[in-house]
Amino acid sequence: MSGNSFGKLFSVTTFGESHGPAIGCVIDGCPPGMALSEADIQPELDRRKPGTSRHVTQRQEADRVQILSGVYQGVTTGTPIALLIPNEDQRSKDYGNITETFRPGHADYTYWHKYGVRDPRGGGRSSARLTAPVVGAGAVAKKWLREQYGTEFFGCMRTLGDIEVPFQSFEHVQANPFFAATADADLLARMEAAMDELRRAGDSIGARIDVVARKVPVGWGQPIYDKLDADIAYAMMGINAVKGVEIGAGFASVAQKGSEHGDELTPEGFVGNNAGGVLGGISTGQDITVSIAIKPTSSIRTPRRSIDKDGNPVMVETFGRHDPCVGIRATPIAEAMLALVLIDHALMQRAQCGDVKVGTPKLG
Amino acid sequence: MSGNSFGKLFSVTTFGESHGPAIGCVIDGCPPGMALSEADIQPELDRRKPGTSRHVTQRQEADRVQILSGVYQGVTTGTPIALLIPNEDQRSKDYGNITETFRPGHADYTYWHKYGVRDPRGGGRSSARLTAPVVGAGAVAKKWLREQYGTEFFGCMRTLGDIEVPFQSFEHVQANPFFAATADADLLARMEAAMDELRRAGDSIGARIDVVARKVPVGWGQPIYDKLDADIAYAMMGINAVKGVEIGAGFASVAQKGSEHGDELTPEGFVGNNAGGVLGGISTGQDITVSIAIKPTSSIRTPRRSIDKDGNPVMVETFGRHDPCVGIRATPIAEAMLALVLIDHALMQRAQCGDVKVGTPKLG
Amino acid sequence: MSGNSFGKLFSVTTFGESHGPAIGCVIDGCPPGMALSEADIQPELDRRKPGTSRHVTQRQEADRVQILSGVYQGVTTGTPIALLIPNEDQRSKDYGNITETFRPGHADYTYWHKYGVRDPRGGGRSSARLTAPVVGAGAVAKKWLREQYGTEFFGCMRTLGDIEVPFQSFEHVQANPFFAATADADLLARMEAAMDELRRAGDSIGARIDVVARKVPVGWGQPIYDKLDADIAYAMMGINAVKGVEIGAGFASVAQKGSEHGDELTPEGFVGNNAGGVLGGISTGQDITVSIAIKPTSSIRTPRRSIDKDGNPVMVETFGRHDPCVGIRATPIAEAMLALVLIDHALMQRAQCGDVKVGTPKLG
Amino acid sequence: MSGNSFGKLFSVTTFGESHGPAIGCVIDGCPPGMALSEADIQPELDRRKPGTSRHVTQRQEADRVQILSGVYQGVTTGTPIALLIPNEDQRSKDYGNITETFRPGHADYTYWHKYGVRDPRGGGRSSARLTAPVVGAGAVAKKWLREQYGTEFFGCMRTLGDIEVPFQSFEHVQANPFFAATADADLLARMEAAMDELRRAGDSIGARIDVVARKVPVGWGQPIYDKLDADIAYAMMGINAVKGVEIGAGFASVAQKGSEHGDELTPEGFVGNNAGGVLGGISTGQDITVSIAIKPTSSIRTPRRSIDKDGNPVMVETFGRHDPCVGIRATPIAEAMLALVLIDHALMQRAQCGDVKVGTPKLG
């Protein structure tokens, strides 16, 4: 209710602030009987963690995850799985100058007016650091979905500022610091140069990310409100800095005709995927395809106009360690959120219709 | 849980199918003490109802709403408000030919595989007709928000297929059949001609709709998951045929720099609204600005390839009465959904922080 | 959230007031593919309806239920099932004298202070009449549980005021006006006489009711909060006039020793059922046994001290039509509530652990 | 959903097992601006912790609580408050002999059949140790309710096996090891002797506990399902080993007449409190009075019949450290649960009706 839990049947409740002693989450509803250890979760956290290249924040965090509960002898027991990630590199002093002012583009102003009090250290609760527990929970969800249905998740950057990044193959994603699905060395060099230039200028840039889930059974989702695509939009727009979400053809569908947009069916399956794998809020069995827009990082070294708590004009400049493009690290986060949406609907479908064999309509 | 309720504190549970005896909803959580009668709700339903121009479905429905409970002597009592809308123009025979096949772009295929059974009459539960109760509930939400905070809602069409519709003023919206915020007679004539041509061709087209909420107090929303913008994305993507959602600058923020995107503050307020009225998931006090992409209507007279239940190839052609652009009637629906999101957060803010005077931070 | 919905996966949202145009409910989450018509529901409503003997209220209500949605060609579709029950015998004038005062033992005082407004006609929303939709929804739940698991529900009166009613067999329950599980004609005559005497005296009396669910699979329930017995206690205490709930040995367990209370197991099954079919919040596969205490009806003709809205002392006497023992009609209501609790846990178990074969532990 | 969260607006999600590395909880929804430190929580944990007298388990746990988040500079920020309690005295070997059998009266049998896997160390998740985080969360709730409304909580033992414990004053509760509200030295000596005898005999006994909340404003609760008393029944029945719950007159109301039970009102207030402070599911402003029955501890040294996983007969004897009467330590737990119910309804009332001044009906 108070906005710190995600999901209903596979529910993730997160806690922590950027510079408190630890962050973490409690996963309630993970099915019993799945082999699970920290080794299943850590690789996903490592994909997201800071300091992996010169293009992301230089904060030093090992993001070492501990499982506190819910696993016995290496197997999930059906009880809550608590994940704990200690904060190691807390430099509260970096943020000392911002406690009395509101940084443009940040949650400072809104938190202050909502709660009447706020933890300003590193953005407190609104820090992108809080996506780490989500990625941890997402790793658990991904494992279960993979084992049960063969579902796999992929993500990549498609646009960095004004640079379009053509899609070649997801296999290239881990081979460059941008999660770009390309092996085009010239393009990657151009991206690196653009990022270096931004850092020098003390500015930041936005990005567009695509995420895909493959081997999603037909029949996941709800008819009116908890539509699969509505829940995906909710999940994606909830990621820090996201300003837009598309499913399938997205905004391009505005100019399409019905005779062009509606994906025809043949005995071999759907012809095209303008739907993005969702019709009437329910999965079609095709790839779920999602695209998100991420705004430029709000923390920049360029001085900007703002006000202090008393309403007086001030200039604000954000020092400290920041990602010049938060979109870069957004790929594993978006994959995790998509996995959390899907596992919730997978469990819901079991509740509603039992263990239906994929693709086999059944009464009962 | 099963996807037919919207909202937590102001919760709307809908029921009904396109060709059943009635559709309706139960609103649970409307605050007590507000004057309310059918006359407060009917005008919003009239904006959405079919048959108002030649450009929308010719189904004849008065959409006459009855309040069955929750109001005593013209005042809300705090108990559930049930709204009932009888279905008058049910022509089940129009749909007789589609029970064995799956119409491209429709929910037929997914409902069948999810539930193993489906009501094919007029799309059953997946019909856009089910947005009527939502508009009714939205009218109740709008009234309460207006009385408590002065909040107002506006919406308009911004794109019809490939025709851009410049924004002049919301006052023009009710003066044309497209909810266009323009008085440009040439443009409107061009839109009418495009629609007439579509109808002749038996095809359909998409649209882009903008919705805005004004006078939204600062402080509504939650920090991590139930972000105000995430809930808006969920609400909008849940409207039939929506494929994309943007808040504020939306996808344009990808190419923006941080020094351009982050809205500066001065003692007079924010300079610009790239944020769309939401920072860190919480309202800033500025206009909430949302944009949605609506796909072309899937029901078209153009023959299309599909399969029947047994997987055999068939051709499908949809006769009957349909909107050639479902985007036209989407404007009041999107306004209603935005109102439902906001009232829920308004009540939540009272729970969390008490009756905070707008814009005045308070401890307690 | 606002207290008018019951259940999570099989969720029932009720609406209506005692003297409004209609009462009803929306069932969201009924699994698809079950044969269902009004004929499955009406008999349960007939068991609860007023006017069936001289010992219950003489209000004349046919309690004729209509299914408005969620059923197509006699089969549930998985979409919301709306039940509507028109109010036929509304005598608002009977209650005219009570709008300014607070009847002792009634919700008048608390509604007024909570909401600042209340519907006084027949108790408005707090009327026991609002248990009718629950019984309707319970009939749907009972049918599904019976078809899937063979689960059956039974209830009977065990105490009427100071008269103990020994349990002989549930087969006698429908043969007397008290839902007594006995064929003892002398005892039944004594109960009739006691009730006649009470009516003459203008007074009322309490009752104790037992309800049992048989053939409940092992494994339903949750470990910490949504324990099966906790949910049952919640359901039972939520029935109008209930003041106490016991599971299994109940309050008698206080004086038991551990060596006496803990039900031993043998290869043939449990020896005894002090647990009432629940251990650690999860069903054991034995009968679920519940006992509830129902207070005497608050509406009595005996004059009683109260105050009016301004705090002035007044005497209150309640005329109109009332049950001298609301406990009599509580039996089918308690059965319905138990069925609603169980179906929710049945669906939850499917979500958590899949379609586990009853009694067969399984990993996955 | 999966049964490890309590409360909606002040929501507590617990995690951990009896012999895992740590237990704890996440509180989501604590209002911002309240002073809070470990020193506010620890005293309540100390009341519940093991090893405080020879009559409770001798397990040595400091139950030292750490606040991991949600508090900045000693003040709650409105974000989740994570509480962590390390497990210090884990003797897994004590439980080695029980992994293959089901202890009578325990959750072993049901967990195994529900999940197909279980953590047998000290009862795992079903251990009464898991009430510690609840008591911690309850301390936070108590503080807020006390500061906002002056609400206070009291509890005491009323029956120990067959020994009735008359109520003298709550001030005696902390002066004896039983939470008895009496200074009667003879009675207390008799209770000590009874407990010593039980320990010698390797047996256990039940207890009856009363809890009271004072200064609860009128108007908390909901009309139909989330009745205040229903939520209390749910909370109490969810405490380990509870088999019965009463509100106000409880089961005694069965034999009462309406002219006796219904509490009359005078300008000075209610005359009597058979209602237990709740009418129609909503608080009356009187004391909330609750009574619970706690079964005898299931872990006893007396050999008992059971079966192993393969269904073969075995004899089970439980060694290790156990409370011979779990009812003794139940008093602070029951107080905590009552506080958690009340804070949730307090926040809900703010959402529904705004900051209504206590006792002043208001429209709006």
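Worth pointing out:
We just call them A, B, C and D in the order they show up, numbering each chain from 1.
Following the convention adopted for this analysis, a residue touches a chain if its C-beta (ideal position, glycine included) is under 8 Å from a C-beta of that chain, and two chains touch if they have at least 3 such contacts.
No experiment lies behind these values; they were computed from the predicted model shown.
When the interfaces A-B and A-D are ranked by how many C-beta pairs touch across them, A-B comes first. Comparing contact pairs by residue number, the interface of B-C is reproduced by A-D among B-D, A-C or A-D, since over half of the pairs coincide.
Taking each chain's centre as the average of its CA atoms, chain A and chain C sit 45 Å apart. Note on chain placement: the centre of chain A and the centre of chain B lie 26 Å apart, centres being C-alpha means. Rounded to whole angstrom units, the spacing between the C-alpha centres of chain A and chain D is 38. Each of the following residues of chain A touches two or more other chains: 1-5, 8-9, 14, 29, 32-33, 75, 78-79, 114-117, 125, 223, 348, 352-353, 362-364. Within the complex formed with chain B, the chain A residues making contact are 1-6, 8, 14, 102-107, 109-117, 125-126, 130, 159, 161-162, 198, 203-208, 218-227, 229-238, 243-267, 271, 274-276, 278-285, 293-300, 302, 304-307, 311-313, 327, 348-349, 352-353, 356, 359, 361-364. Interface residues of chain B, counted against chain C in their complex, comprise 1-5, 8-9, 11, 13-17, 20-24, 26, 28-29, 32-33, 66, 68-70, 72, 75-82, 114-119, 121, 124-125. Touching chain C in their complex are the following residues of chain A: 1, 9, 29, 31-34, 75, 78-79, 148, 223, 347-348, 350-355, 362-364.
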